[in-house]
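There's a structure below that I have some questions on.
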Amino acid sequence: MQGEVMCISPDNLLGETARMKVERYRFVTLSCVEISETQVEILYHFDREFQLKHLRLTISKDSSVPSISPVYFAAFLVENEIQDLFGIRFHGLVIDYDRTLYLEEDVKTMPFCKYVAVQKTPESNEEKAP
Amino acid sequence: MFNMTPAILRNFLGDRATRRYPHVIRPSFENARGAIHNDIHICTFCGVCAAKCPSQCIAVEKKAATWSYNPSACVCCGVCAESCASGSLQQERNYRKPFREKEMIVLKGTSSSAVNDTVSISAPAQP
Amino acid sequence: MINKSVLILAGLASGPVLGGVISGFDRILTARFQSRIGPPLLQPFYDVIKLLGKEKVVVNVWQAFCVNAYLTAASIATALFFLRSDLLLILFIQAVGAVFLVVGAFSSTSPYSQAGAHRELLQMLCYEPLLILISVGIYFQTGSFKIESVDAMNQPLLLKLPFLFVVLSFVLTIKLRKSPFDLSTSHHAHQELVKGLLTDYSGPLLALTEIAHWYETVLLLGFCSLFWTTNPIGALLLVGITYLGEIWIDNVSARMNWRWMLGYGWGMGMALSLVNLVWLYAR
Amino acid sequence: MFKKIMTKARMQSPWMLHFDCGSCNGCDIEVLACLTPVYDVERFGIINTGNPMHADIFLVTGTVNHRNQKVLRNLYDQIPDPKVVVAIGACGLTGGIFREAWNVIGGVDKVIPVDVYVPGCPAKPEAIIDGVVLGLEKFRGKAETAESISANDFEEEAPCREK
Amino acid sequence: MTKTIIPFGPQHPVLPEPIHLKLTLEDEVITEAIPAFGFVHRGLEKLVEIRDFHQMIYVVERICGICSMLHAMCYCQGIEEMMGIEVPPRARFLRVIWSELHRMHSHLLWLGLFADSFGFESLFMQFWKIREKILDIDEATTGNRIIVSVNVIGGVRKDLGTEQTSMILSALKDVEKELQWLETTIMSDYTVQKRTVGKGILTGKQAYELGLVGPTLRASGVAQDARMLGYAAFGDINFTPVVETDGDCYARCKVRFREVFQSIDLIRQAIGKLPNGEIAVKVKGRPNGEVVTRVEQPRGEVFYYIKANGTKNLERLRVRTPTFANVPALLTMLPGAWLSDVPVIVLSIDPCISCTER
């Protein structure tokens, strides 16, 4: 992968991001990947004059992650998205949609997790059948 | 303040840009990607089109010798026609006309070609 | 007496007939300016007939009443104009009609409609004083508010009141809902307020507002024609050129906001009218 | 006589409402392209009203998902009768390439009754004009032949219509 | 002071994008703006599990119809990097040509919509009229007007003959001429300036810290353009990013207007230097590993994170589209603006909600 990758833990996440900000890194985005039944990996991508830097955070699904949106305001959107799609909770969000950014209020599943049944209405498959 | 004036005067005096569509039909471009057409008599039912279709709107059944296609899910990418080894699948230049009822296009091959097909199937591997 | 009733009938008929044709002509010309072909000339009539045949969705009874009041006021004002009645009376009735339209829009719950109504009020605030000033100018010149006295002039008013005519063209732009003043509602609903004032009117009610709008168009163009009464061809030319000018302005300017409209309308309008009035007075 | 005039007026003045119901903008901008000088649908009296209360023709592009289906139904209910619904593009018809995506319910006809389907990805402006013309035939049918047939069709097709 | 709440969207004539803005107004001044999403969310990143990595090209292409070609190009670049495929030089130049054509059609579309947002209908019509010429080029060379589907992993699907390149050059000449006629309107018209100058100001520092991308960032004086990375054939042709310093809606408009001319220049350069040779190489094997890749779209920089595990289906595809990065700018620009300026400000970031939500 292009750019330097650094593994971090939830404890030093905020410290590292604050340091990134001081070093004039620009926030790019977060990527969340499900790596096993219990764990996900969150990649924080930063950029400074086309030099990428990534922070890799591996956590268990049920834990809550500190939000970096107080440091980088732009992060609130993607953190809400991960909250919606993977069910990882972020605390300290600047604007918290509480899992309603993309989903309706009554949705309880985590659509992007492979190991959880995907919410799908039965009739939507009928098109596929000839 | 009224900097747009020359432009609108030019429009007013010049030709209209409008294509009078239903009255004057412009021919499609040479490689325009339109409707999919299958010449079922040549079709070998190899199934490559069905495997490659990104929209998965084609289904091929080798044994029954049927080729079915859902025109309302087709995204006109042309991958199926490009990958068709027998040349039976063709992409027309003209787009498919609007319709009132959705329908599946199911084509049944002649039995002889189906027999041919089962004999010569092994060549094109599925990706 | 017979003469009068003919005039009234002509006035009442002018709106739905003449107004519609003018509107159709407007749309074709606008299309030509935009390098398009545009709709047929009778398009506005098709629109209105179709709207009359749509399902009636009345948001509330009050709104239906307001639309009818608006139409009645606009038609009466036009008829009075054809009767060559008092200018101030015509202006007053027309203003009452416009207020009813606003009240009708206020009575709905849609925020777009409400904001549109608010803006329409500001627009009225902008153009009504100017209209009064124009009438005052005419009074200065003819010594009466009666249109008959304008007819009796042996010299076109335009030569005496050129600046007031410019002011009238401002008012016309606002009243015809043309850019840069199509704030409260616009022809194509390409606006932040959707269709603004008219958002909640639909079907037959919208058709009625459209007809009333035609009446107003005829009335204001009639107003323009007052500036050249000595010769009917001159009047026709003046009105034609003014309307063409409106379409041109519509096509070369962006929509402005109401603060600009108030500043510009009052500033320029008042200044021009005052200059004209002082000039008249000084002579 | 009166009916004939009304039919003519309806055919000549279909005001459209366009709703981007989760489309990729492809069909969306083709609908807009129809309004612009090169295709200029104002020739047929079509204007984009943007306001459901004024619309006659409802052009829907894109897939239906769990959130926008409510908006779609709401807009459909707001359009006064008679109205025509035209679904545009592969996504509007079945969900197209996305119909297996998790948040996609399917085509527009899952939520509201559709009169005309315009295929293509994206549908060409010519196809959209064809679709609208085909849809307008409904007005003719409604005014001149029995109204009951099409009305009955509607009720059966779309149980979601009742509120 | 009356407080009103105006729901803006998801169906709105000026904003043909299904974004919902809840605007709290005091008279006509906005005090709070909260965007709501989810009207276009399809969850297509999840489709990697049922579509193989070749089919995904056509899926990512349909993330957004306007910058479709660049989505596919970015995706293909990522997979090529992962699999170590060397793209033939001709294919790289062809990619530049089509991507710049896409940028032109997107910017012209935007300029039209922007004109519409401040009620300048005839300007809207003019830009869209010019844009049809670009779409004709697209259709003549690739077979489709908007979603061109020219990219495959390892190259491109279509080639340009000399007839076609000369057709492109002559069409571009017309486009350039017609755009120059509009230059005074967009650059110095009183009413246009009145509606856009000083609206939605973002300083360079603010824009950088919010992580904005594309013309929105460049209009604030930050020269950041992913094309400077030299992907495809951008490394072989002359390129300097267009920068404006005012940071208001007008500056963003000027950046995009100038970028159209820049794209014309880039296409001319690319056609002039177009090398001969293959247009695609055969793909063997399956992708494995992790890769990030970036491409400059009309709206800004798109960012792909792709993770593969050696099977024909990818493990994870993550797309950060430019509008996603630009939405936070709206939240800082809208409060304090007038209601009549909302469409102007919202459109000035060139929102593409289908990109944002995927």
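Order of writing sets the chain letters: A, B, C, D and E. Residues in each chain are counted from 1.
As a convention for this text, a contact is a pair of C-beta atoms (placed from the backbone, for glycine too) under 8 Å apart; a residue touches a chain by one contact, two chains touch by 3 or more.
None of the values given here were measured: they were computed from a predicted structure.
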Given chain C and chain E, the chains that contact each of them: B, D
Remotest chain, chain E as reference, centres from CA atoms: C
Centre distance in Å when chain A and chain C are each reduced to the mean of their C-alpha atoms: 57
Centre-to-centre distance between chain E and chain D (centres being mean Cα positions), rounded to whole Å: 28
Rounded Å distance, chain A centre to chain B centre (Cα mean): 39
Whole-Å gap separating chain B and chain D, where each centre is the average of the chain's CA atoms: 24
Chain A: positions in contact with at least two other chains: 102-104, 111, 118, 127-128
Chain C: positions in contact with at least two other chains: 33-37, 188-190, 194, 251-253
Sequence positions of chain D contacting 2 or more other chains: 37-38, 40, 43, 48-51, 67, 94-97, 99-100, 102-104, 107, 121, 124
List of chain B residues in touch with chain E within their complex: 1-4, 6-8, 10-11, 17, 29-33, 52-56, 75-79, 82, 127
Residue ranges of chain C in contact with chain B within the complex: 32-37, 248-249, 251-253
For the chain B and chain D complex, residues of the former touching the latter: 16-22, 25, 54-56, 70-77, 95-102
Chain B-facing residues of chain D, complex: 37-40, 43, 86, 90, 93-97, 99-100, 107, 109, 115-121, 123-127, 129-131, 133-134
Residue ranges of chain A in contact with chain D within the complex: 102-104, 107, 111, 118-121, 123-125, 127-128
